[in-house]
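After this come two complexes, each holding chain A, first together with chain B and then together with chain C.
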Partner chain A sequence: MTRAIRLLRRRLVGSVFVLLIVVIGSFLLLEAAPGDAVDAYIVSTGGDAGMIELLRHRWGLDQSELTRLANYLWALLHLDLGQSVTFSRPIRDVILERLPTTLILMGSATALSFGLGSALGIYAGARPGSFRDRFLSIGSLALYAVPGFWLGLVLIVVFAVDLRWLPIGGIETIASAKTGLARAGDIATHLVLPVSALGFIYLALYLRMMRAGMAEAWRQDFVLAARARGLPRRRLVLAHVARNALLPLVTMLGLQSAQMLGGSVVIESVFAVPGLGRLAQEAVAGRDTPLLLGIILVSAVLVIVINLLVDLAYAFLDPRVGAGEAGA
Partner chain B sequence: MSGLTISRRGLLAGSALLLASTALPAIGRAQTPKKGGRLIVAADSEPRNLNPAIVASNDVFFISSKVVETLAEASFDGKDGLQPRLARSWEGAADGRSVTFKLRDGVKWHDGKPFTSADVAFSALQVWKPLQNLGRTVFKDLEAVDTPDELTAVFKFAKPTPFQLIRNALPALSSVVPKHIYEVGKIEDNPANNAPVGTGPFKFAEYKAGQYYRLVRNDAYWGKDEPYLDEIVYQVLPDRTSAAAALEAEEIQLAAFSAVPLADLDRISKVPGLKVITKGYEGLTYQLVVEINHRRKELADLKVRQAIAHAIDKDFVVKTIFLGYAATATGPVPKHDPQFYTADVPTYPFDVAKANELLDEAGYKRADDGKRFALKLLPAPYFNETKQFGDYLRQALAAIGIDAQIVNNDSAAHMKAVYTDHAFDLAVGPPVFRGDPAISTTILVQSGIPDGVPFSNQGGYKNPELDALIAKASETLDTAARTELYKEFQKKVAADLPLINVAEWSFISVARDTVGNIANNPRWAVSNWADTYLAG
Partner chain C sequence: MKRLHRFFQTPEAIAGALILALLVIMALAAPLLFPGDPQAIAGPALLSPFQHWSLPLGTDRLGRDVLAELFHGARTSLAVGLTAAAAALLVGAVVGTMAGFAGGLIDEVLMRITDAFQTVPSFLLALAFVSIVGPSLGVVIAAIALGAWTGPARVARAEVLSIRERDYVAGARVIGMHPLEIAFREVLPNALPPVLALSSVIVAAAILTEAALSFLGLGDPNRVTWGGMIAEGRTVLRTAPFLSIVPGIALVLTVLGVYLAGEGVVESTAVRRSLS
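On to the complex of A and B.
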């Protein structure tokens, strides 16, 4: 237990620095992008010089970059994410409204790609070089090579337009006033296609990794020994070969969470899911710096937390981790 | 369907750009309007401010025009192209110093309070004039609004203002908001900007960010038996391909503003139960324009500009980029504008040999590599068509020895590069013609506009003669004389080419056959939809 607490403490201190670098870096990057929130806004409205000046003043864009950064950091210190320019609402509210959707989408997609990926990986890795191994490897690679938006569109055409089994997009039936279980079911049906589109792409990674790890484990001495002991094949595959191959997958899970967030930008647009990814895209297009910083910050916290959990799980799965530390 | 006969007439009176055949399936099936039902419509943007009195733009009108009404709406067959809404009649004084509006009786705001001339006076003086993107220009000389009684509003102008301009501005610029709601606190921060309150046939019910807007029937609406629909729901579909799919899957019933891309229309028009409608946007014309930076020595030479104009095959652009859903342009006023257009202007037929000759004459001979000079070309990213035309223009210029390098930006960056930094040689822009050249057209060529004003002359073009003409037209009160001046304006622009007008296009709607009374006025998508209904 103390090991876990020490890990936690060390991580938290490190995280603060990571977050600070992320915020300042993103701010400078966004400032370097040509055009500001007013430029983005007047694209759809037009307006005269006086109106534009008025807008810049009201949105605080007539202040210097440094002042704005300092103001932002100062507010952040008080846990205030500021006001969104494009939504004219507090950023905290805007993000909190979208966060659950993205979490459900990402969580389900990760579960799908990890669960199905590793299961198929075990199936393929149980007999490396067999027909099923080659079939699954090639099939998953093909899926991995498919762009996410295209897979999404194909799923829409087949399952929503032609077969009409599933809704085309959105997170729930619009303006339906469903509650409780009916609503949960409704959301689940809406999630099937986006989760598949997002999950299937990353499935290949887990499958290939599992399979490669198992192929390597088969050549290890302990497997030979276990075989010599006459263990049943099923037990050999699951408890000895697969368990050893599982560890890098858990690491991957942590790394993958960041990529999933990136992938959800595209998938959320294609399926009209009101999540954080789409919000980020809108924030960039609208040059809404504080909003984008808020999203990046929340995403960074998310990734840090997930990786922390992964590390904890790692320590649990593999007793060797942290053993050196215990003596130090 | 009376709406369709009207729109067919509009079509015949208009130009050949609108394809009649695509709307035929719906014609001849007489249906009587039916009450009730929920119309689900695709929306591709979520405006940050839904108050049409402050933001007079199509994406706001698309939603808010059903809630907040204007004094008058555009019409195919009404006098001066108008039909009454909140105003029953309007009369301009001969000296151009005042316009008198007689208002509709018995109109109530959605919260039950009566609508009066005080609301009109408040909207005009406190909102349109100081805050509205377009009103700040058109109503700049509005001094006072007298309200002798509850149903009369008299606009008083400090300088003579053409009645024709005020009339033409009514459909887009005259959204009336309730005084009793907006007189508390700052108008820009009023919560009603995000949940509008108006007099329209529909009340604003709810907005779920990233998902939908919902409007519900206003039972106390002044129009007899109107509205027909119980609800209008705008489903937010950010991806352009998904609108077509949602129509096919019957999840939505209408996609306006070309939410279905042109390339999909051919296929969609063959889907049973769907109709493609090219009408209802006659009052919302976008112009495909080559913006020119006259600070570049080469481009300041008229011969070079003429050469560029001759190098562009406008017919090809219309056929290939717009797939026929557009018309070639001759000048700064679109062909189907009923009041101002003149075809009597210098034209530049597609002629590569002549273009090359003009460039030789101008002294820009081809170098050994066949190139005369290089230019930076910035196509506006707002429409697929503006980007595609950028690619076309690059090739067209290559044929006359001009090496154009394309710079692609997103909207905000394009805005800054062209209208603030002037970091372009040529740009492709889509300005909007709003029914009167004085609203947003003359500004494209007029000099003396501060840096940073979007959709204005930022190319450093200066022509005192043209400036004088624009100034004269802006204070000419007589409608016929004013119209004549704008014809002169078109000739001068086409002759001197401060910019090159290439094509004109409007939008396309795709709807299920069950949606009735579509496209029955020239600004249908941004009108109030009181008579729209769902059959069966």
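On to the complex of A and C.
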């Protein structure tokens, strides 16, 4: 496992720099926002000019920009994201409360788009140029052109308003006092539509990548050799062609995580799912800039962690990764 | 002409070109066919489509002409999509060229910044940027470009890395050209084709991002946007779903047209390359 540890170490060092740039960037955005934490505090509590001065001094807001940046970094090192204006609570607590919902939503949507997308991609790529290949290629392009929030609304109109099969929004039935499995089932039915809206958009991406990779692999010598050995077609398609096209999809899984997080903002707003994305919209509506930037920082950390995990999975799947740097 | 001929060989490319042509006509004709404010009240509220000859697509919750809004929305979508994509391609090409050509510390710093921008979900970044600076057309364009320049930057850098070792670059050095002049007059133009190949994807993403921003109420309040129309219709989703469905179909067709035309361009140039 030393290969994985080496990879992890190199990635972690790079991640620290990236995170530092994100932090400085969000500090600059915070500075650019009109008003500061004292203004926001005074709006909710009221107070005179003398009190404003006192608070500015006490919170270190009358110091130079560099000192404030240092204070900001110091607070972040202690995992202190500041105080939310709209919720009047520590930002960290608010975000941690919303995070699991978004992770469930993202995880399920990723599983749906990756699973179904690569399966359909294999189906299309098994016979490049055939009717089903062309049909799926055009169909996936059309699907990729659909805005997620609009697909969500259409799903609501069809399945929640007309057919009444599924709930219109929210994460669980309010005041139903369900526990255990019944509650899990309730949450699952609430998640069917948002997960579909989020997952179906990205399904097209995996389908197209899988198909393109397979079309490429069919032209390779090893496939010709496998064919010459008289391998059954099913085995040829799955174990040779599709398997070789699968690796780039794993990389895509990491790259897409940032997109998925961004997409969940609108989807969560459409379906009123109380997750991180909906929180971002609430922060915008409440002009709560520190909360919004806290969400951005947490998302950046989340994306870095997901990409680290994907890299480790990739190293596990492809023995060539990291092996060449034994001396480094 | 030959290239144009090659472009129109696949049915996909023809469909894409037709959709885009229709869209451009809609955008250009909007002020002629529907002069005056598209946000003005034109008839009774919530008129269904195909009920009245002067209001073919009906009216929304406030009695505004849906067809006029649709035409004027095409203007916003196209303007934002094309400008934001052009800005992203320009910034990306310049940053990528500088990183690839300079190498060393400059390369390292620029690429770490690129990494940072790719780590933050671009939609969240756009959301934060617009909500802090305030919604207007220019700010929305800047916000979208802010999250879209990283792809072109990476592609440009990779291309420049291979170009800077070529003989004509060495020649330019020998005759004493300034490094900046070499980078932007000799290297950048030659690194552009693969960067420009990204444009259809970036235009499409920009149109979708603009729609999502205005859906969340962060579009320019003085302009009609398809995303804003969908959000408006959402309040009467149970009784008048067509108000959300119609602008959504326009969005899907637009983005699909951009994709199809983009594929046509890539395919026609790929043929050209394999022939030469």
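The rule is simple: the second predicted complex is superposed on the first by the 283 of 328 C-alpha atoms of A that agree within 3 Å, B and C clash if a C-alpha of one lies under 4 Å from a C-alpha of the other, contacts with A are read in each partner's own complex, and residues count from 1 in each chain.
In the analysis below, a contact is a pair of C-beta atoms (placed from the backbone, for glycine too) under 8 Å apart; a residue touches a chain by one contact, two chains touch by 3 or more.
Since the structure is predicted, the reported quantities are computational estimates derived from the model, not experimental observations.
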Which of chain B and chain C A:Asp39 touches, first, second, both or neither: first
Contacts of A:Met252 with chain B and chain C, given as first, second, both or neither: neither
Touching partner for A:Leu136 - first (chain B), second (chain C), both, neither: neither
Which superposed partner A:Leu292 touches (first chain B, second chain C, both, neither): second
Partner chain(s) touched by A:Leu153 [first = chain B, second = chain C, both, neither]: both
Which of chain B and chain C A:Val94 touches, first, second, both or neither: first
Partner chain in contact with A:Ile21 - chain B first, chain C second, else both or neither: second
Chain B versus chain C as contact partner of A:Thr86, first or second or both or neither: first
Touched partner set for A:Ser269, first chain B, second chain C, both or neither: both
Those residues of chain A which chain B touches in one complex and chain C touches in the other: 33, 153, 156-157, 161, 269, 287
Touch list for chain C against partner chain A, complex: 12, 112-113, 115-116, 118-125, 127-129, 131-133, 204, 208, 211-212, 215-216, 218, 227, 230, 234, 237-238, 241, 244-245, 248, 251-256, 259-260, 263
Chain A-touching residues of chain B, taken from the complex the two chains share: 38, 40, 45, 47-49, 55-59, 131, 133-134, 136-137, 188, 194, 206, 208-212, 214, 231, 233, 235-239, 241-242, 245-246, 248-249, 251, 382, 409-417, 420-421, 440, 449-450, 452-455
Of chain A, residues touching chain B in the complex: 33-37, 39-52, 58, 86-88, 94, 97-98, 153, 156-157, 160-161, 164, 167-171, 174-175, 269-275, 278-279, 285-287
In the complex with chain C, residue positions of chain A that touch it: 14, 17-19, 21-22, 25, 29, 32-33, 138, 141-142, 144-150, 153-154, 156-157, 161, 258-259, 261-263, 265-266, 269, 280-281, 284, 287, 289, 292-293, 295-296, 299-300, 303-304
